[in-house]
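Take a look at the structures below.
One chain, subunit A, links the two complexes that follow: it is found with subunit B in the first and with subunit C in the second.
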Partner chain A sequence: MAPTLKILATGSYSQAVIEEQGLPELKELVKESTSANVRRVTRFVQLALVGAGRCSRNRSLPANTAVYLSSCRGDAEVTATLLDDLIRRRELPSPVTFVNSVSNAACFHVASALGLHERSNFITNRFDPLAAALKTAWIDFQCGEVETALVGSVDACSLPMRDHRVRVEVTEQTTVGEASHWLLLTGAADPRPGVAHVTALENFASLERLREWLSERNFRKDSVLAPGQHFTVCDAEELCAGTGMQTFDYRASLPHYDSQTGAAIEAFLEEREERAMLHINSDPAGRYSVILIERS
Partner chain B sequence: MDSSELRLTLKKMIVEECDKDMEPTDIQDNEQLIGGRLDLDSLDALQISMWVQKYYGIRIENGPAARSALRSVDSLATLIHKELTAKSAEADPA
Partner chain C sequence: MSSVFLGAGLHTALGADVDSCVAALRGPLPQASTVSCKFAGAADEIPYFLLANVSADDPRSRMDDILFGVIEQALQAANLSASQRGDLALFLGSSSFDIASEERRYRQAFSDHNTAIPLAQAGMGNLAEHVRSRLGIRGEDYTFNTACTSSANALWYASKLIDAKVIEHALIVGVEFINDTTTYGFQGLQLLSPTAMRPFDERRNGLVLGESCSAMVIGKSEKGEGFRLRGGANLCDTYSMSTTREDGSVVSEVISQAMSNAGLTPGDIHAIKCHGTATWSGDAAEAEGLLKTFEQLPPCTTLKPFIGHTLGACGLAELILFCGAIERGFLPGTPGFVAEEARSGFTLNQHPRRIEPGNFMLNYFGFGGNSTSLVVSNLPEGVA
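Up next is the complex of A and B:
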């Protein structure tokens, strides 16, 4: 069954980080975005709160809104602190460090700040975290277990930048950043107006299978193909050849961070006129993930 | 460290460890810590207890002893002073 999820709203935060200037202060942004006085949280949690809060736009979400938070590496900073305490210093971590090291801590804080009581899931995926989270949410929608969901991805920077660059595997010349991208989703039958629909969430084990699927769908010039960060513009142009589809290089102005799929969706909705966007990502094993966004 | 210095150190620690948006001097010596105006909770209590153990080597036991010690900055300072005095007497019985 093809998924149809209605996107009610998007919200995001992304920022390049310049080591000499330190990490941008987020506490005030958290207050502005969520109206919540949140304390004892890590930078990763703050980013999650800013993005999710902006997505909810200070509107009251139904308490049964579920939270699906995805990330490529999770909260690396708190994990490093925890391991530093336990192994290098041979000390017990502080209670706050321990609590925040639980992967679902960010989901708890998002749910708590926005007054949500439904399920929450933290999903990690090396190559397209947001696509994995959308698929998980879709399964819950399909089973009738979820009616509204906040689905997001978060990537945080940590200092020193030298260590962060090693973790995210980029050179000193690359501008790195951090981001939080969120979608507020509901089922297609929801009468509230949406900005777009997610109409396909597919995974393919080979390029051949992806080509077959594309040829069946018959994409034309009313659509754009947005290459994910592990899928080159060249590959995208090759797939577009003969279809009339344009490639949409939304990544040119973005600093490097792990999950940029949410940025693609938001940029498409804000900057482009086409009816649909096909986001394609790949991994080193030659598998492909596809998200199709169609304007409402 | 004299008594007022110890109290100020504890107030700074509470602001830092519990991530409170306030000046240390805004905390009154006899102000209720847990659940009062400061709105500290059990995680804050654990955080404070661990700090006291780390910096003064004083273990605050669970239960009534912890509730009594963590009632206010005054009570915490009194406990630390008492324990440090006892330790000092043990180390130098003469």
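Up next is the complex of A and C:
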């Protein structure tokens, strides 16, 4: 079944974090992007608000816009704070900290700040969180249950950087960052102009099945293959061989954070001329997830 | 042809399999265990519905023993071939995942050295990956973390992907194991009852937490017999992070949408499993929402007095319990629970009562405003 979702807009925030400079201030960005005065929220929620707010571009979204949020590590900072309360400081967690530890707290704040009254969901997958959220959103469109959706991924940094590096499993040499990438989606029949369409969301249990699928589609030089975080450029080049497709290494300029699939979509739309981008990710078990973006 | 529930596994405070858990719903309300509170100034003992027939030692091995045991119950009941098992898609819903293991690791590391790192192994999808990897599942996997609606949402999306023929079979897993973060988080919120959980009762004074582990396999069935998910709805209630809008309007809206999604009207619903957290405002909002929607309220029941509030796992655990009871011909009761006078039209089923196949509603409301209503049916397909 070929999904078709129209991308009306994208919105992002990504920033490398240098420990000596501290974490970038987000409060003003939240205000700028959402026009909301949101208080007592975590950095993770602030990042969600900045990305979703930028995606909505200060326009009034329909109240029936659904929210789908994904993240590889979730709000690790708030959970670490709870553990420190209990184990290091030996005190009961504060109620605000505990309530904010639910992952869908960020969905609540996004919906609240943007005046939305529809469904919300926090969905993830260890190796491609945004792909899981997109598939979940797509099935809701497919079932006719949702007309407009904000789909995003958020990765927050926390200090000290030593702790954060352990959590995200990178060495001291790696530049670490944080990000919030969002798509504003609608159904293909929506008359509003879009920037692109999501025309495939596929999962494959093996490389063989992925190759079969690719061979049935005849991708050519009007398309690029963007390798996901767990799919090497080398593997991508091998898949491209003989097709005329180029690889699109959007990750080379990014700091490390866990959910970079949204960065690929935004970079493709802003930086490239080709008609289509095939984003392929994989996991250590040799499963593959594919997102196909075609320009409107 | 919609997807049907092919097999289930369950472990709660009532028992270590579906049969024993459902059988216990005919008996008297169980007494919760207690756990010692480690913080000065708080109650000494906290009531807690701990899993039956297991001792607490290493959280990881305890979790694995129970989790994979419950999953095996579901897989065996579903009678899948080895190839079908390998192709399963996995949908996991939980509030706390494996945080108990992380607490233990951090506690040990901190006692060894002051520079220990909290949450050194962070990863929302880690538990699903652990399950997928150990079972050799090669289908896609999804992790849902929407507080108390997590595993209900997991089931709903699994069912939709099967009905759309994207996947053939799905394994849905709901887990909630005892951990300090949750226990003391709720203690700090002052939402825990010091005695017992009495949803909707005028004497209610808070919830009792519980552990549960549940698993279900769903897929198409040639016979088309048994329970199936007929519809559902979800709404984000932006009234408050920690309680449902008090006038019941969002409850009414989400359950109305669920019935509409299932192609049903209020008169088609034969019984309702309420969320019933026994918090003052939560139950009031739920009762208000039900009364707004149903001119004549069908029999209502709650299951948390039997197993506690199992948070992210309650969606699937309560659904398995509820469907198990209906399949055995009875609707569970909660004797002695009396709704407050202001809700005079709202009463709970008092004793197990005989019930025929029909359409049934199951409601779930969570922190962050996540509100989910599911409609299940064991009527033949095509019958309202």
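Here are a few things to note about the model shown:
What we mean here is this: the second predicted complex is superposed on the first by the 296 of 296 C-alpha atoms of A that agree within 3 Å, B and C clash if a C-alpha of one lies under 4 Å from a C-alpha of the other, contacts with A are read in each partner's own complex, and residues count from 1 in each chain.
FYI, contacts are C-beta pairs under 8 Å (C-beta built on N, C-alpha and C of every residue); 3 or more make two chains touch, one makes a residue touch a chain.
What you are looking at is a predicted structure, and each value in this text was computed from that prediction instead of being measured.
The superposition on subunit A brings subunit B alongside subunit C with room for both.
When the two complexes are overlaid, the chain among subunit B and subunit C that reaches more residues of subunit A is C. Of the two partner chains, neither subunit B nor subunit C is touched by A:L207. With both structures placed on the common chain, the touch criterion links A:M161 to neither subunit B nor subunit C.
In the superposition on chain A, contact of A:L92 is made with both subunit B and subunit C.
Of the two partner chains placed around the shared chain by superposition, subunit C is the only one that A:E118 touches, whereas subunit B remains out of contact.
In the superposition on chain A, A:R40 makes contact with subunit B only, not with subunit C. Contact with neither subunit B nor subunit C is seen for A:L269 once the two complexes are overlaid on the shared chain. In the superposition on chain A, contact of A:Q142 is made with subunit C only, not with subunit B.
Of the two partner chains placed by the overlay, only subunit C lies in contact with A:D84; subunit B stays clear of it. Across the superposed structures, the minimum distance from subunit B to subunit C, using CA atoms, reads 8 Å.
Common to the subunit B and subunit C interfaces on subunit A are residues 91-92, 94-95, 99. Taken in their complex, subunit A has these residues touching subunit C: 1, 67, 71-74, 76, 79-84, 86-88, 90-95, 98-105, 107-108, 111-112, 116-127, 129, 132, 135-136, 139-140, 142-143, 145, 162-163, 166-168, 203, 205-206, 285, 287, 289. Across the interface of their complex, subunit A is touched by residues 38-39, 42, 86-87, 95, 99, 102-103, 106-107, 110, 117-126, 128-129, 132-133, 138-147, 153, 157, 160-161, 164-166, 180-181, 184-189, 233-236, 238, 241-242, 261, 366-370 of subunit C. By the touch criterion given at the top, residues 17-21, 43-44, 46-47, 50-51, 54 of subunit B touch subunit A in their complex. Subunit A contributes residues 37, 39-41, 91-92, 94-96, 99 to its touches with subunit B in the complex.
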